[in-house]
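You will see chain A twice below: alongside chain B first, and alongside chain C after that.
The block that comes next holds the complex of A and B.
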């Protein structure tokens, strides 16, 4: 099971866990899991949400204590559990998804933060702190102005600061939790270069990511967890994305091009020469009843701005939008919603859903008019509406009154879609609908999209993951630099054709 | 240089507003631009500056405190009674008593916030009412005029006779203020504890993951404000030569406005001693100028409110739009 194959054979693991069991409130989070990391390797930890990845990381970093019988060998010592202090002093560093940085403090302070710790107050040695910071950045081959506050830097550079900070702690092994979740393609490439640099200098990196393409590109070995149990350890060479998906979910997804001709259907949306200088220019396309139009392109290509213009939240400077035969000029998104346009925002967690509120309240927020009796909201009509959508979209919920934050990413996304469907739209715009959603749940979301299209809805599907639009849209627009640079028909081109165009 | 201006945009904006107001007042009144008036300003602002640097530390650590001004009143009153009972005392015992009482009252706030998880604004509104209520209940609003001689006699550290025969002087409150300002500056910029306070205010969860002692942070922040409030209370009694139970009531909002004006952020992680001092000075200068111009005191609050709004808008939002070269520097 834990075969160390090929070139790695015979190397002693830096970190080796055996017999790891963990139970939370009666639920087994980890079942007899083992895990090895070799010195200096890039190792990927894969699994769906809830598969036990984070629990495992927290056990290694000493946040949780595994059940009795666990054996943790690290750097020549054997432990029954770790503590945060032994983990940190031993060189185990974690770069959390939220980075845990201090935006108001300078880059130097953020990187050399450990020098500020300690039980008793000391005077701060700013000179030494700067040197430490610059040295750590140099190891990564990066130069940043270490005297500026961190908030001046974009997220990609903050990530680098977090990595540099891990190096200051004399890291032997660095865990990266979804490090590329909010990076663009070129930033991701840069980050992967840095990971290679780290690995070449002898630091082992454990990479946790939803993006399987990266996993294949960067890691040499792969450990897959499913439902808290170890599925296996595999060399990355020879792996494919669909094989990893299969291992992670235990199911096979046969991805096939869904595109079918929709040319006979009536036009729902026609966009003519729509322009908003600096963001998009001369955009023309149509979407027909029952059609799914995919729009892809790099971050910053103007996709989201275009979508927001169709939704009435940005004003185009020139051009025309015709919705079901009538020219429209929305001055607010309320008008757009009334006219039958729905927009599922890119940033579901902060913009699309109101996290502390209940599932039911989130679902009806855009269609309150529909559940009024007289002037007042009717609880009964609300519950009926919610129950109907929950069944229709197959959302797994406890009670309608539970907070939306209790649902998994995939189920939250379904509620967000239901919220807009409840407004009876003619056109549904989905902006990056699978960000933060597991592979398994993604397939479910696209099932829903296909069903909605079948029922006659016109859909615009925006995504920077080319396979998503290739497999699920009837036509694919490629946007670059604010313009439509090409239109693809998935039935007549290969996935690689679109990818080549996008990443050229 | 650009870097310095950029990282201290708030302070420079405030300084610019202060210069503008001062220029205007120098032209509008003949008394404003004089050494005597400048020293007067320092003497009268000292107590507020001591409060302000204390409050700054709490704001940096991500808290807020409404109770410190009435806590200072409690300290004044109790210290006066204690000093009387030990037969007068002196500056040393007076400051020691004030410091201990102040720190204790601050620690009560920290205890409520840390131990009982009450958010700081609610906790300190409660203690504000409790402290003030207890004080008024037990004193029945009676003031103390019979203070020890050492406390009421003015201590002049520097005096100089001007050409026109008037005297300019710097008094003890200014010295105490300078010590408090320097001590606070050293604490928050030069010690690891101070930087931990910034980090804690900036990203509490991040600080916790680094093993920073969150409880200690609260006690240090509120304890420091308590210390400053205790000292300020004693100095105010010295300056006023009496202890009036409700003399400092309402001071908390003036000081809070001045500190926020100086660039501290409600929410933590941001703020400088310089900005804080400038914030207090700006409000004092305005008030002083209005006095000299003979504006009705009833209009003061209104005008100061308007100036706070203007200054905050200037320093927070549009400084970079006003000075285009800064934007360049930012967009790297």
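The block that comes next holds the complex of A and C.
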């Protein structure tokens, strides 16, 4: 399977793993996996959550020790397992998704603090730290004020700081775990430029990502894992997104435009000239029964602020919101919920769900009145209600009392949707419902959305992934700079038309 | 479908394991160490001492579950006691009737709730840290109380108050009965009412609770009000037991209530914890000090042993969580 073809033929891998097995609690996390990285290449490691990507990286960086029989060749040496010290000193660097930086410290300190570790005398030489930091940033072709605290920079620039830190550690291979998950398209493009710079200077970069477009754009080879086993190693030339999805999930997805005309249905929501200065201006649209309205645009286009205004959590300055024929002015989200508006937050981890609490409590939190008997909450009714929703939405759970954080992203999102459906809404606003959800599970979420629309719910689907709104919405609004800049009908335009407008 | 044991565990909460083990250890240790330990006298003394600390612990529990703290509990209890004393004195002092006492008690509960209301409003609306807000309230109430009493005792209450502090019904001390009633109220509040549900959710993530439609401000205000009202009940019991009110009385209980909550498995950062395990933890603490007393140990040593016990419980929890971790890894 691991043939090295084409231009790469004959080059010795910098890192080569064979016979990697790993078991956690009786579950095989990795089954006889092999993996190669060539010097200076850009390689993509793809797979759904739970496919073994992170376990593999943790073996390479010495966090985990693989089972006996493993062979790890790195930079001319052979190991049966790595240790964190060998990995670090040998130039293997990982940039984790959460970046592991210090927000209160300056850029220079963040980049160069590792050079201080274990050094004698134990004094901090700020002058040298600044120089080191500036040099590392220069290699990436970036200028940042290294004396400012990191928290003053947006996430995209923090990522660059994390990369610069890896370079200071004399990296030969840099692993990047979901590096573009929170970046806009232009920030992603900039990051990809930096990756090319790194690659040209001889540093191998391994992308771990399930956003597929960028994978195709940048990497030369692709390793796909599924359920802990190696599916194969492929050149990215000639690969398509749908082919990668197939390889990752073992299933085929035929995506087609779902849009159908809903003009005859009664209007559920009408927004007239809604304005909240600095966030959105002069927004007018309608959503009908059974209709899915897509809203797309870059981060910061005012989409979430608009949604929060409809949900009663922000107050618009002027304009009108009419819900089923009645003008509404919500002064809290409780009023909005009571009136039949539900809002699935884009930030599932800290706003959408209460992560430490149980699956059951997260599901019933917005509809407690529905599980009361004689004024008191009934465990029995809660249990039944949760069991019902879990079956209806096909959620895979262990016990209802398990913390919701134990579920995968896709299953968490299904519980979050169930939470809102239990409030019996007329309008469901889904803000970035697939963030942190596997490709395979995304399709499942959109199946649910389609069924809900069929049953008569009005849905607003907000996403910065244009294909999601193109394939799943009946109409698509494009927001830019707080205004609606265009309206698209997916049946009468191509995906590329919307993408061109959004990323222009 | 579910066995009775499962049901029991579901009712009291899984946190029962820690205090349950401590209870057994204490019982076994003192039964062997002191022949008089298993006697009616021991349990009598525990039963009379438990309610004061217990009621104050209930007052501390709710704010801790929201991720906060109420440092003003003991002085709120004192001020509530003073309120009762004032009403009694206005109505004849030693000759005051039961109606005056009832009126005074209601007013005292109102005063306790008012102090909680003020704290709750400040915490809910300004998002100031509960430690700072309740510390300010504590200092205010202490100053106010010392000003009103000139630092001395207030005494001279009607004789019918005696039984509330010292009497028994069917062999059970009246303060204990009041305490158990309050435990049950708190248990129903936390497990069966929307307010209790909101309390736990806020303790884990106030923002996410807000996004899910929980009226987080209302919950916070009510939690501190109920905490204050519970302090007032403690203050009334203290008045009846000592037949006097003194500002500063019970001050040393403040931190013990926090520790009793933790011994009962309450998460120090909020969101998790049940009433029944906390109740058992209180019994353990009281048995420990009574048992040491019987064995002739100094009262101050008993307090030191409480501290050591709590450190021991933390260590045991750490060990047991690591033990589970290894079990899972090896499958």
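Operating definition for what follows: the second predicted complex is superposed on the first by the 501 of 504 C-alpha atoms of A that agree within 3 Å, B and C clash if a C-alpha of one lies under 4 Å from a C-alpha of the other, contacts with A are read in each partner's own complex, and residues count from 1 in each chain.
Rule of thumb we're sticking to: a residue touches a chain if its C-beta (ideal position, glycine included) is under 8 Å from a C-beta of that chain, and two chains touch if they have at least 3 such contacts.
Everything numeric here is computed off the predicted structure, so don't read it as measured data.
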item	value
When chain B and chain C are modelled together on chain A, clash or fit	fit
Contacts of A:345 with chain B and chain C, given as first, second, both or neither	second
Partner chain(s) touched by A:357 [first = chain B, second = chain C, both, neither]	second
Geometry of the superposed three-chain model: angle at chain A (Cα centres of chain B and chain C, steps of 10 degrees)	40
Contacts of A:419 with chain B and chain C, given as first, second, both or neither	second
First (chain B), second (chain C), both or neither touched by A:100	first
Chain B versus chain C as contact partner of A:318, first or second or both or neither	neither
Three-chain overlay, closest Cα atoms of chain B and chain C, distance in Å	5
Footprint overlap on chain A, where chain B in one structure and chain C in the other make contact	none
In the complex with chain B, residue positions of chain A that touch it	84-85, 96, 98-105, 109, 113-119, 121-124, 147-149, 152
Touching residues on chain C, where the partner in the complex is chain A	10, 188, 191-194, 197, 200-201, 204-205, 207-215, 271-272, 328-331
Chain A to chain C touching residues, read off their complex	23-26, 313, 332-334, 337, 343, 345, 350-357, 361, 365-366, 368, 372, 376-379, 419, 423
Residue ranges of chain B touching chain A (in the complex, touch as defined)	3, 7, 189-196, 198-199, 202-203, 205-207, 209-213, 269-270, 330
